Amino acid sequence: MTDNQKTDKATSAPHGSMQPEDTPALRKLYADFQKHHLNPLWTQTANLMPPHPKPEAVTHIWDWSTLYALAAQSGELVPVGRGGERRAIGLANPGLGGRAYISPTLWAAVQYLGPQENAPEHRHAQNAFRFVIEGEGVWTVVDGDPVRMSRGDLLLTPGWKFHGHQNIATEPMVWLDGLDIPFGQQMDVGFFEFGPDVVSDLSTPDLSRAERLWGHPGIRPLSALDEQMNSPLPAYRWVHTDAALRQQLALEAEGHNVTQSPGHAAIRFVNPTNGGDVLPTIRCQFHRLRQGATSQSRREVGSSVFQVFQGTGSVKLAGKRYTLRKGDIFVVPSWIEWSLEAISEFDLFHFSDAPIMEKLNFARHEITTKT
Amino acid sequence: MTDNQKTDKATSAPHGSMQPEDTPALRKLYADFQKHHLNPLWTQTANLMPPHPKPEAVTHIWDWSTLYALAAQSGELVPVGRGGERRAIGLANPGLGGRAYISPTLWAAVQYLGPQENAPEHRHAQNAFRFVIEGEGVWTVVDGDPVRMSRGDLLLTPGWKFHGHQNIATEPMVWLDGLDIPFGQQMDVGFFEFGPDVVSDLSTPDLSRAERLWGHPGIRPLSALDEQMNSPLPAYRWVHTDAALRQQLALEAEGHNVTQSPGHAAIRFVNPTNGGDVLPTIRCQFHRLRQGATSQSRREVGSSVFQVFQGTGSVKLAGKRYTLRKGDIFVVPSWIEWSLEAISEFDLFHFSDAPIMEKLNFARHEITTKT
Amino acid sequence: MTDNQKTDKATSAPHGSMQPEDTPALRKLYADFQKHHLNPLWTQTANLMPPHPKPEAVTHIWDWSTLYALAAQSGELVPVGRGGERRAIGLANPGLGGRAYISPTLWAAVQYLGPQENAPEHRHAQNAFRFVIEGEGVWTVVDGDPVRMSRGDLLLTPGWKFHGHQNIATEPMVWLDGLDIPFGQQMDVGFFEFGPDVVSDLSTPDLSRAERLWGHPGIRPLSALDEQMNSPLPAYRWVHTDAALRQQLALEAEGHNVTQSPGHAAIRFVNPTNGGDVLPTIRCQFHRLRQGATSQSRREVGSSVFQVFQGTGSVKLAGKRYTLRKGDIFVVPSWIEWSLEAISEFDLFHFSDAPIMEKLNFARHEITTKT
Amino acid sequence: MTDNQKTDKATSAPHGSMQPEDTPALRKLYADFQKHHLNPLWTQTANLMPPHPKPEAVTHIWDWSTLYALAAQSGELVPVGRGGERRAIGLANPGLGGRAYISPTLWAAVQYLGPQENAPEHRHAQNAFRFVIEGEGVWTVVDGDPVRMSRGDLLLTPGWKFHGHQNIATEPMVWLDGLDIPFGQQMDVGFFEFGPDVVSDLSTPDLSRAERLWGHPGIRPLSALDEQMNSPLPAYRWVHTDAALRQQLALEAEGHNVTQSPGHAAIRFVNPTNGGDVLPTIRCQFHRLRQGATSQSRREVGSSVFQVFQGTGSVKLAGKRYTLRKGDIFVVPSWIEWSLEAISEFDLFHFSDAPIMEKLNFARHEITTKT
């Protein structure tokens, strides 16, 4: 289920008049460049300046049954604890040289926590979220506030907030972690600190304190009126996501133009203090396609990761179609065309680095649907 | 139950060196000023430039039983329809010369709609909301979208959206209307257009289309990503308001610092596209005081109007205390000190012109609680 | 040179079905309304809710030679000093009942300061600027920073900054003062404090300290990076205004589309910390029409005041044309159509309340030029 | 003059409880990970999540006399033209594996254009500027608008604007190019298009059209009121930079607190439409230290590049001091401590990726000056 349409950067290299004659003087010049830590533009323009984004990252689909089985084996063989910190298995884009980067900006991992296990607290500048494809019984404690993790929920742990996890159930639990680790590592922005070895609050309330304060539509507390760079709402519950998607399709059926395209409902999770993205670097969205529906075909600057939540369907990536089942994860590198097609009603969680692209003025997109 | 602490602007007038000798030449000059539509500053400085806001508007409490009784009589005597448009009885601040201004910026009215009556559609640049103190059975149709009006709900009709009302019940219904009519009339911003004589959609759904699209906490549709100056959410339902207030007091009881002051929960209704006020000129908030609690004593630039929703308590205005019961409405003009005290658990709806003051950089406040 | 196209609000009142039969019961109801400080909407809709802005303010032109002569007489008859504070003669819109309001939001005055006179320091919440039509020799001291006032300059004294003036010359000086006093007085936002009787810094530098820090195009000091609600630049010098206008017309002559309309150059004075208006409530602009050019014909929500700086031309207001000469001042109330026509090259300073209208979402305009 | 305090990421790796026993089952698991493009977090935490930024990039100083000599040799040996596009020699950070990245985000190059040479037009998503350390005679044509390049000037070519250069002089010219190529290449945001082979406007005006329109302090044209993501001002002239720095030091000498620290004047080049950075990804600043003065010692998230414009002094980088002369260029990687010291009056141009760090919420800094 792998793909490798790795674009050849060289083939599009423009060749021009700047190829000097190969002389001893030129060789001496190039040697001097190297000696003095210099590198001429004219020998590398095409690589540095492609006509459009030509990512090293490739499209790839990870099969959920494989991921789940390997995560379960890790649960048996690898203890969770201080140092390694998390039993998280990173998805490594085949085009990115073996590093656990699913794209140049994003990290995606499957995290596994066995019954009664505890992942110690730490904090880091990198922003994180969890998306729960199935299971119950884990609480993630974010700055001392225990947040229940249940099926279909999106949970946030924004940069520099302490967080740890505990599983109080008799079953293991597995979920998707998303972070901006690759961006942070390449751009040198990371800070990290250890917290307590055991989560700082062992209680397991149905709703976190922050949800009780912030989880009411169109309402904010007078005690917290400043805009916040990260969403103060730590959990986006499935019951609301599902209702929002269901209503979009119902409104469409009643004749209103509220979907992305016919049969394709889509929502964005947002920060209630400003209506913007939940994290400074990561956009989180959810898609539902009505049975038989097809999304627009699009390509965007920046990379996206999808996980099938329920239903069956397929994705077409750069012209090639892949069948998808529950739990499957795929990555869409920058400027690669994608479209979804639903066999049954088809639900997908989606995250991307779009906030980076938009804030830095690099965002572009094309709708390439043939009509 | 009226008050009249009308501040004397004259007494604080500074007197200085600019009182010229009264001569024929001076009289001639002053006559020429008048003839040429001129007016010297030096004869009027204190009025134009008071040491602090000295509103013409006064504090006043309107008794709900009186308001309700007069509204009901209007229901018998005055038909509702095109021209007058609404059976709305404006609260006229005693300091403002008989105009239906509750403050220099705000309009507040009690609107009464009898069983099976219909208020015709129109639209205007002025922004409006309704707050429902009791009753059921009316739908307000906002740009073609019928919005149920029920007890405790806040409903928005932002500027230039068509709106009309219909009562499908066998009982009359009464509610509070809030608008920025005085601001609009004095500042010459008003536009007005008639719509259909009967509301454009006679259906009576439990939830409006806009609520179905926007009423999910932390979620917005991908089909409407632009920031909007007015909240796209037309109804803020009592179930959410009540829950938000209850949770604040519960969190406080658990030891968390989330209330305005001990025993005083407070929320702001906000625009989900930006986290800001629901309307460009009007702030809407809700207060709940635990039995026996007292709010801070404050004064602010700008005017506020409160209506008691449930419970009993009192307000202290400029040092004088007034007992309040369900439905009572009072106004706090600019820079007048106010504080609330709860006898039973005490709920108040609150609206103000704070967005005007903040956006134009005139906002100031003082917390004057003695300790 | 006066005009009075005062619109009759009554004639456009819609009359409808809400005229109840005149009965004793109705009379009793209306009496009860009055007794309880209530005022029904249905008797006053048309006034409160006009189809478009119908200002009480009227268009009016003040003749500069008259203004100047009366200012000079004031200089002889009225001492300047504490209490009256300023020898400023307010322009009173004939439609606004004799108050020194040139419009519902704006104050405009001619201020006269004799040789060696001093206007004492004070500060107020209201925002102010000065525009200098001619003369030299006065320094305005803003928060302790002496700012030279010279021909063609725009000088700012934003809200709550201490300011006073001194004339060191042997000639009197006259200038235009603009403030948001009417807005402040009606909306109850005013604060006022006296400062020293003599300006706090008697030095007379060519450039103020703030200009030395902020007066470089596209450059800001690292010691002041926060956005400021008021422009930190206290003076917008004629040399720059003139150059900006001249270049627009030159670029237009070279074939570039950079003017407002053919032959009509226009610039806005802005806050270098955010590119927005210089004051939170007042917009300041400058127009230059090439000899023989005509501006677009427009109308806008909100009011504008213009002063001719040099050249001759005319303004058409609500269809009626008025000839203008240097120093003449005219007011355009809300939604009144205006256009300019140049006889010679024609320069006009222009201020308005547009920031109020834009921030509060009431801004609208129409370009009504016939083609 | 090179340095290599390359931090050893491995030494700070926390070691904890997650080291499973090495068994055949574990080896099978790790092999399966590799096979399925997975990579466990627990074997790589320290690298991915350092306690603070530990850049691969190192500090380095490039000597101007060497750079200039090699640029001149390139001028003799390498023709400029289509394909290679520019005779630009990139400064390659010794820690970044030979790529022409001066830091993970920034590109810096010395560009050389001989007499009568022409660099063809192209455009790219990447943002660029030029800083001119010396010389005259080149015009850069930005979207058809010829912009003179002179000593001390900063010139902008924001993303996706066509640009080319021509040298009309009899002398070659050399300048510093700064871009966000490394960010763009790693994050896959690049687009590129060729324009005409010869610059589209051969005229050589003293001021570009955009400067004539935008280069007036505190003034903007009414024909361009929208906020722009890139500064519309294409040139920041030395005369203004010098005056702004001189005035800061003069004001400091008069007793005002307007400098960064005693004797250290600093300015930021800004976008006049919003007061923010000139380019979405790159901050440009200028420093002047009075003879004998020392700057604060600081470290920041994100990388900076400096070029000495005039004077002599030194920089201390991570505790090691380097003497600097005119033209020398040095790089400060993320979280490396730096401070400047002036021998004579000391002027430095400075650019950084701070806008990226601030917009994405990763900015942090520490002032580490010992007192």
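Think of it as A, B, C and D in the order they're written, each chain with its own count starting at 1.
In the analysis below, contacts are C-beta pairs under 8 Å (C-beta built on N, C-alpha and C of every residue); 3 or more make two chains touch, one makes a residue touch a chain.
Being a predicted model, the structure only gives us computed values, none of them experimental.
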- Query: Count of steps on the shortest touching-chain route from subunit B to subunit D?
  - Reply: 2
- Message: From the mean C-alpha coordinate of subunit B to that of subunit C, what's the distance rounded to whole Å?
- Response: 30
- Message: Centroid from C-alpha atoms only, then distance subunit A to subunit C, rounded to Å. What do you get?
- Response: 52
- Note on the structure: dist(centroid_CA(subunit A), centroid_CA(subunit B)) in Å evaluates to 44
- Specify, in ascending order, the residues of subunit B that touch 2 or more different other chains. none
- Item | Chain-to-chain touches, reported pairwise for every pair that qualifies | A-B, A-D, B-C, C-D
- Of subunit D, residues touching subunit A in the complex: 2, 14-20, 23, 25-26, 29, 32-34, 36-45, 47-55, 57, 60, 62-63, 66-67, 70, 73-74, 77-94, 98-100, 104-105, 109, 124-126, 159, 181, 183-194, 229-230, 280-281, 301-303, 333-335, 353, 355-357, 359-362, 364
- Please give the residue numbers of subunit B that touch subunit A in the complex, ascending. 209, 212-225, 227, 231, 233, 236, 240-241, 243-244, 247-248, 250-251, 254, 256-260, 266-275, 278, 285
